[in-house]
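Next up: some structures, all given as structure tokens.
What follows is a pair of complexes built around subunit A, which joins subunit B in one and subunit C in the other.
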Partner chain A sequence: MLVTGIKSKPVYAPLRYDAGGRYHVMLGQEVGEAPLLRVLGDMSGSPEALARTRVLYVPLRAAAAGAAPAAAFGGAGVADVRIFGTTAALLEAFRDLLGRALMGTRLYVAGPESFIGLAMKIALEFNLNKDEIRAEECGTRARRVYCIHCRTTTENVRTNIVTCGGCTRSLLVRDHYSRRLAAYMGVMADAEVPGELPPIREVFA
Partner chain B sequence: MSTAFKPDETFRDSFTFRNSEAAIRRFPMPFPEDNYMYSVNIEPHTAGPPGSVTEFPIDIDEHYVAECKERALVLAAEPLRFQALPHMMSAQWDCLELIMESLARDYPQHFALARAGNRWHWINRPLGINRHFTFGEASSLDRQPLDFITRQAQGDWVVMDQREGDLWTEAGMVTTQADWSLDFDVGMTFKEWHGPVPIAHELGVFDRALKFLLNLRLGAPVRRLNWTMTVHPRLDTSPENYPFWGPDRAAVTALNAGDLVNLRVELQGLWRLPRSNAVVFSIRCYLISLRELVTVAKWGRRVHRVLKNLHPELVDYKGLARYRDAVVEWLAPYDDGVPTTPGTAPE
Partner chain C sequence: MTEAATIEVEVTAIDQVTPLIKHFRLAPVDGGTLPAFSGGSHIIVVMHGAARAHRNPYSVLSPPNRLDAYEIGVRRMEESRGGSHFMHDSVRVGSRLQIAHPVNLFGLDKIARKHVLIAGGIGITPFLAMLEDLYGGPVPYELHYSVRSPEHAAFLGRLRRREGGRVHLYCDSEQQAINFEALLGNQPLGTHVYVCGPGGMISRVAAVAKDCGWPDSHIHWEQFSAPPVGDAFEVFLARSRISVHVPPDQSLLESIEAAGVEVPYLCRGGVCGFCQTRVLEVDGELLHNDHFLSEAERASGKTIMPCVSRARCRSLLLDL
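Then we have the complex of A and B:
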């Protein structure tokens, strides 16, 4: 069974401003702030585009919260900045926004892979195509892992083997990735011989 | 082949599945040579010799009734083994038409299809189904069209939508699979779906296969063979149920391999569908125990040589790592070193 090097593992490229878009929706988590500010910098000569830009951002770490991010995005010329206390709240607002979005909307996502995955999952439900979406990965490589046996998703997985939050089996984390589930596949690691497990190591720092 | 069904054979627990002598002779041997590596081994799905598995586009054999019963057992426990995204309804009807037309045309003793405009009448004698419905009207069947018809067909069925220069796995009935999950993979592009296959990406196999399939024409289906091995004649080797069948792999020895281990061959057929422009991919599984296999001397020699020299990454990918050596040891006495004739025929 192939565990690493699987071609369904998504690859993301640095964010760039898409001048072909009419509306710009930017989602950021934690260290995703910097790439978004970089794109906004590229838009500084286009006040009309900035006026049609919305930023949804969740800092996560308490130290980064407060007024600082809002001020930074505001300073880049964005009027519509919303700062969230949790990722779930941000995603809910994003879903609501997409329900009302107009043709010509461009989506920019910046943050850890698991955050991008969750945003992409929602974008997929609204049939945004790949030309309308761009994402830049930064921050933790911790994974969401979907147990193929009991269908529970375990969050923030940093190790090659993880105990399933649902069925408690030891799962081997594969590179096989589902955009629809926004998760990697977890498969029972010692099904053939109970207890026969490889050494547990942190591999997704 | 004259199909005397064996409705009571099982693919779980008691594992009473066996091949008749005729079924052994028609087994789709996947190795034309004494060694094996991936290739884009796609050929036109044209009629093979009478009695062969490719005589008709969709093969019905002695295991038909038992396999349909096995599928019903899987679905009763795990309904998500059938899935279809909402925009696939037109393709579902296309599949129903393809299967009903093929079976009624090629096996009139078992199946009948009468059509008056959209009013269709379907008879499946082996399963005791007699059904009037309106083609294209979902409410006229008690299940979705693909679900309805693939419960009456052997093999797995995956329907791929074609758009943006790709094929998207967006509907399917998958209960007899070699360790892949429709539930996990539904919605994937062609290359994402095949992501876990080693080496072949680097060989450019999927680039070429995708390009080929995007240009698949209506009325010109194609096929290929693929293979792996399975302990016991178990059809449902899904990742979902791996905790239950995984331990079988640790039970194989050089003494019991002949009875426990089966060569598992997939006859994969691909058709362009007329209304939806989707592509349906049928993955029909044939099983043969090593003991049955060596009754054809050429096959005993050949499978021994293929397995002995198989690329290590393929040994791992096909899940053979734990018992390949035992299988090679069991087969060794059936390989006297005599050269084999080219091609797959029993000779």
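Then we have the complex of A and C:
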């Protein structure tokens, strides 16, 4: 029943510094701190590039929110570090930043795929393409799932079958990914025989 | 593209728009409409001169929604192999020419958030059609037009009348030059730059854009090379089993065509890659003049673009 090998499923690679860029915007969520610090380490020999780097980060863990991440990024040589309490606030600031950004900007995103997807969705609005965006997946693999029947997006989906938050249909989570919606497609799983569902398992840890 | 695919046109108007540039209107001889095209397209014009046929690429500068005729601008080249001189000196209103269907190797990026167009001299022509696609649309754009002096600024009047402040003119004679660093260093995200003009201008724009951090995918350029003259050489076509002499003022492609062998082509200017041909053997050196092959492909010695490239050799064996 599960369909694999779907080409739209995003593929990520470890973040690397792109010295071809003039400005660098880094976004991180949760455990995305480590990859960003690694890139900043690669930039340590280029104080000019570090001076043109901005970091937007949302820790998501109450205990970690505060001075610690800001200090870590500051220690890596970035003066312009903003720590956010929610992902929504970070994304709003990110959209605002891209609205003022110039050609020559490179985007680095580190965090769970759901976060990368939301950041990419905004980057696409500004016509950034694959040459200008790098993303490294880390942390939870929980998915955003878009119900193709009622168009509700359900967050933090960890199982192969999920109850739609909008229409309560049982949705099969496909590998079919929409960059525009930043979500995987969810299709009614028991449309032919109501109630007949495959075993429900946690597959996106 | 073979001769059979050409369209017979009649020259219905000629305008001398600058001391060096003539503006031609080409209408189909059987009436009706010409094939649709998009801004940035070019056509190959086939000219039957006294000594030989010329096939030169020219950008279509007329509005893409007007298909009763195509308009082109032809600059008289100092070192012409005959094509531009033929257009300037021998073509009259009423003359007949053949053209190939339009091909676009220089189209606008459809999802760009802004377009910056940079023209040098006759390089203005593809932008005239592109501006028709951009005018009145939601995407901002600006044109930077560099010429040697005001009298050489072809089509400036009509550009200024409609585009107003979106057109920026720079005259060498007034010591005005485009500040590429300032221009390309201050563009919003999602901007695409398009440049058409002399080779030096194109390489300068590409270098400055790269320096400002622009990815290649946002930099577009077009320059049709005329096939340079060179020493005569011999080429043997392996599949056709014939030998062809390439004289100094004829291109490899033209010589092969004159011998009756068809090679697929689109631009005849070293840009599109369509006529790329496998080199089986060469006793000497390939002289690459195209803008298509990568450094690695050139170094391999296994491939050549016969529209603009030649060889300095005793013999050349091609897979044709």
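The rule is simple: the second predicted complex is superposed on the first by the 203 of 205 C-alpha atoms of A that agree within 3 Å, B and C clash if a C-alpha of one lies under 4 Å from a C-alpha of the other, contacts with A are read in each partner's own complex, and residues count from 1 in each chain.
We adopt the following convention: contacts are C-beta pairs under 8 Å (C-beta built on N, C-alpha and C of every residue); 3 or more make two chains touch, one makes a residue touch a chain.
All of these numbers come straight from a predicted model, not from anything done at the bench.
In the superposed model, A:F126 lies in contact with subunit C only, and not with subunit B. A count of residues in subunit A touched by subunit B and by subunit C gives the higher number to B. Using the contact criterion defined above for the overlaid structures, shared-chain residue A:K9 touches subunit B, although it does not reach subunit C.
In the superposition on chain A, contact is made by A:M188 with subunit B only, not with subunit C.
In the superposition on chain A, A:R174 makes contact with subunit B only, while subunit C stays out of contact range.
In the superposed model, A:S46 makes contact with neither subunit B nor subunit C. When both complexes are overlaid on chain A, the residue A:T163 reaches neither subunit B nor subunit C. In the superposition on chain A, no contact is made by A:T153 with either subunit B or subunit C. The contact surfaces that subunit B and subunit C form on subunit A in the two complexes overlap at residues 129.
Note for the complex: subunit A touches subunit C at residues 20-23, 98, 101-106, 126-129, 131-132. The touching residues of subunit B, when paired with subunit A in their complex, are 164, 179, 181, 183-188, 191-198, 201, 239-243, 246-247, 249-250, 316-317, 319, 322. Of all residues in subunit A, only 1-2, 5-9, 124, 129-130, 146, 148-149, 151, 169, 174-181, 185, 187-188, 191-194 touch subunit B in the complex they form. The part of subunit C that touches subunit A in the complex is made up of residues 111-113, 184-191, 210, 212-218.
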